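The structure under discussion is supplied below as structure tokens; questions concerning it will follow.
For clarity, chains are labelled A, B, C and D in written order, and residue numbers in each chain start from 1.
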């Protein structure tokens, strides 16, 4: 925040609920807004010099009159990219755990039931050279793809929002959702949730996943039929890891807590201290550019075609 | 084995103890020996056409008259490299677990004590950009370094057997043991055990490890004072993971089983099915070359300067 | 073009000068325009359904009422990225030529004056491990940085339009123009030309270049004092390569044609057949997305902060 | 040399012809020999403490009784690897020149015949994504493969001395000589010359090269029918570059000097100052290891299976 003060006049309104009368009083001379306040056209009109709205979350919400912003050259920015390295590292770590079973074997060791050497490794596989599939190829997918480079995997990607050529250029294979699900040993779900795609990973789709595959749900619980996922892994058809859940916290006695084929991570993949530091850095960088009359380059810009379809709610 | 038969006459003597009278009878026309049989000079003299001894383990043992082999142009080969990809992937997965605590949080989730979002991530760190240290830079270290490439770490390496220039060329920093221990956030022990270096990671050295560091023992338990390691991690000074133990199995009630800061892996890093397949492939490849009068290129050759200092015992 | 017809109704108006009466008649139902026609507000108003203007050049020109487009959600796109791979490969090839003198020695060989072995290599240097500097870090710089990865250079970058953190993240060093010029052995000029930066590489700046450096002008001649560059290289202070010239063609007897320390490339770095194919592909990809109601992802979008400062004229 | 003196007693016998009586007098206490002196068994017997012979060239010659050395644990080392980075960079630069014609167009520019923009680029191609072939996969091939990584080529490799799996592991395709020649756009010859393979790239094989391919002869002239290569490129079937010639210097009026489709490099690819510095470093490193009782790791060891088949003569 001190660095912010160095580059501009900062008015800090605290972390709690927004005091809109206070906010409205400041808008006249305001160049940028940082936070998730309600910004209908009526309020935005009070800020004739506004150049950017910094939404310090990973997704866009329906709190802003985006049309007004687009017509008036106001950037609406989020910091989705800030979390992607943290999520990618967590995804890789959990994928390696599914492949090698080390958290399971650590539990057995603590219980005095461990097995040494080859005996306990019969279902262990390498990630190197494996068939990998991504569902969604935004920031998370790109960060993950970088980490996968030394593993020389064959990577299939399904993302209906980008052309095949973009996937080709990354050395991956543009694929249908069905191909990704049925042909991959490791499947990573990195898709955001929109009004249209809720629950698209339904029972029928999950049934396509091959035996002994590893399925990692890293983005939003709402894209998957979670009960079906829980049942399929409980039955031992394949193993999975999930960082997101349909309810957080999950009910006390839920069967997910007894599912040995599901690695349970309570929404911990993205929000680590270094991600928050990076968000501060990104805001500072882009605000500096904007104050110098240059376009922002670090944060993600809302695009009019897609912003209204995002259905995410704030994570907190 | 069928492929072996295709390239040469194979005599298979089974998996159990060696029948030496049977073996001796075959040596006259023998070109290559595969296994860990006793091979003193007296026996080797019976095999005038012998060109190679394939030791299908990751280390050399004191079962062979190496001097005789060197004087007579007999290659002695082991398959250390075959395990290194498996160990490197396991090392990376366990390092990410130490950094993010996902196996610990999975245990808490199962117990109904999980914490969602940032609250549970306060001690989580990225591997990307971290200070990393290797103790030992043979096959394991090289495989690991490849996997670390996309993380852009600063990597310090201690290995008294190789010149600094070899480390420089890999973009790493040649370092003393003390530097690696005191300056690294992630420390990987990849050193083999010799007559000279047993227990070289003693209490005094382990005390150099900084608070909140992550220490991964991936090669041989004999290089470390294991009791000191257990005590330091029990006390919470730093966290660790270990794939090897001074006794395997460890005693039933050993405090290691209650150590929450020590990830326990019962010697599972290397011996996975794909490693065994690779060993078969390596033997086949090098035997083919040798039968064609060419030097082997896939397996590791015993070198007279070092082979006699190896103190490892067979893992099985 | 056939592929274009497959995804939409195409009206093709030929390659020659635009027939504006014909164009105006088509605007009513037009969704996208491809080409460099004049598009003042008056004409744009005739195209109420217009969603995108595809400018199939590497830069933006002053032929469009950009304000109107921004206010009305019309994407203005160019295909700068299409040339960058071709320019990067050419830049690398010419840099290696400056470092090793192979085109110069080929000329001597043809003249019968060649020198064999070490004698003719005394001034040869490796690119590997060298100090490299970029002036400008847009598409060209990024493509070049990818090609440089295996050379493990120390790369300093000057680009006033992007924050230091973007350069840091690429493993490069954000630097002043003076640092890039004075500390680099290889200097690549990838900067576009704007109203403000014409001739910014003036005599005073070029004097900072160290002896025996290699200077490659790959983007726009207008950013450099070309006479000063010619004089400095003629005098032998450093060597250079240039793909662009203040006049094209250069005058017949110009001293540049006798300058043995200047590799002469008549604007050949970008416009190769594969670049033109990629442009077709990019237009097709982004038009497909736009017709499906999705944002374009392959071409570069005009940004209101910068588009009006571009001073480039069409290359042809 | 000063560094050498720091680690051992050095006797320097000058750069000229060896004074064998002087040498013989020193052998009694000699640990290592550096140079290309004649070393028959009779002389080697005078050096009972000899541990290594450093041959500071890129190949092995028939000046040493290798059998004696192998039987007696004397390492014979060459510094082939020291040149490989220099050769790889030169190979890449010349390949890019063949692909883009920049040395040819520079000649035309000097003659006042240059063509600007697309017109002069119609036969230009990218290296990125191209079909590449290697003939020989030793040090040179490996260094080259590293430099090619960002180009994402499909790389076929022919090398009868190594198993397919070694090539597979590098992400390349093990291929026959015929496949490499007929299917590659860029062909790199990195093969050493042995008693058996002289002239193996004969007329019949060269006829397999496809039209518009680029052929780069980087290792030894003796592996190719040079007259056939000259004729095929003169006729315009394909283009080539050569760093080595059947006679050096080539005869004054030889047609090679008028061959516009052959880039002529008078044996300049390897012997650059930084390669010589690296040789010094390698000798120093390995000698240090040997004096400490450790095996050398930087230089190439003579192998009894292959050393006697090398037919190279010293380059100088």
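Heads up, the rule we're going with is that a contact is a pair of C-beta atoms (placed from the backbone, for glycine too) under 8 Å apart; a residue touches a chain by one contact, two chains touch by 3 or more.
None of these values were measured; they are calculated from a predicted model.
For the pair chain C and chain D, there is no chain touching both partners. Comparing mean CA positions across the assembly, the chain most remote from chain C is B.
Centre-to-centre separation of chain B and chain D, using mean CA positions: 34 Å.
Chain centres here are Cα means. That of chain B falls 49 Å from that of chain C.
Contact with two or more other chains is made by no residue of chain A. Across the assembly, chains come into contact as A-B, A-C, B-D, C-D.
Residues of chain C touching chain A in their complex: 70-73, 161-163, 165-166, 281-282, 285-286, 288-289, 293-295, 297-298, 303-306.
Looking at the complex, you find that chain B touches chain A at residues 85-86, 89-90, 92-94, 96-97, 99-103, 105-107, 109-110, 112, 114-118, 120-122, 124-128, 146-147, 149-151, 248-249, 252, 257-258, 263-268, 271-274, 276, 315-316.
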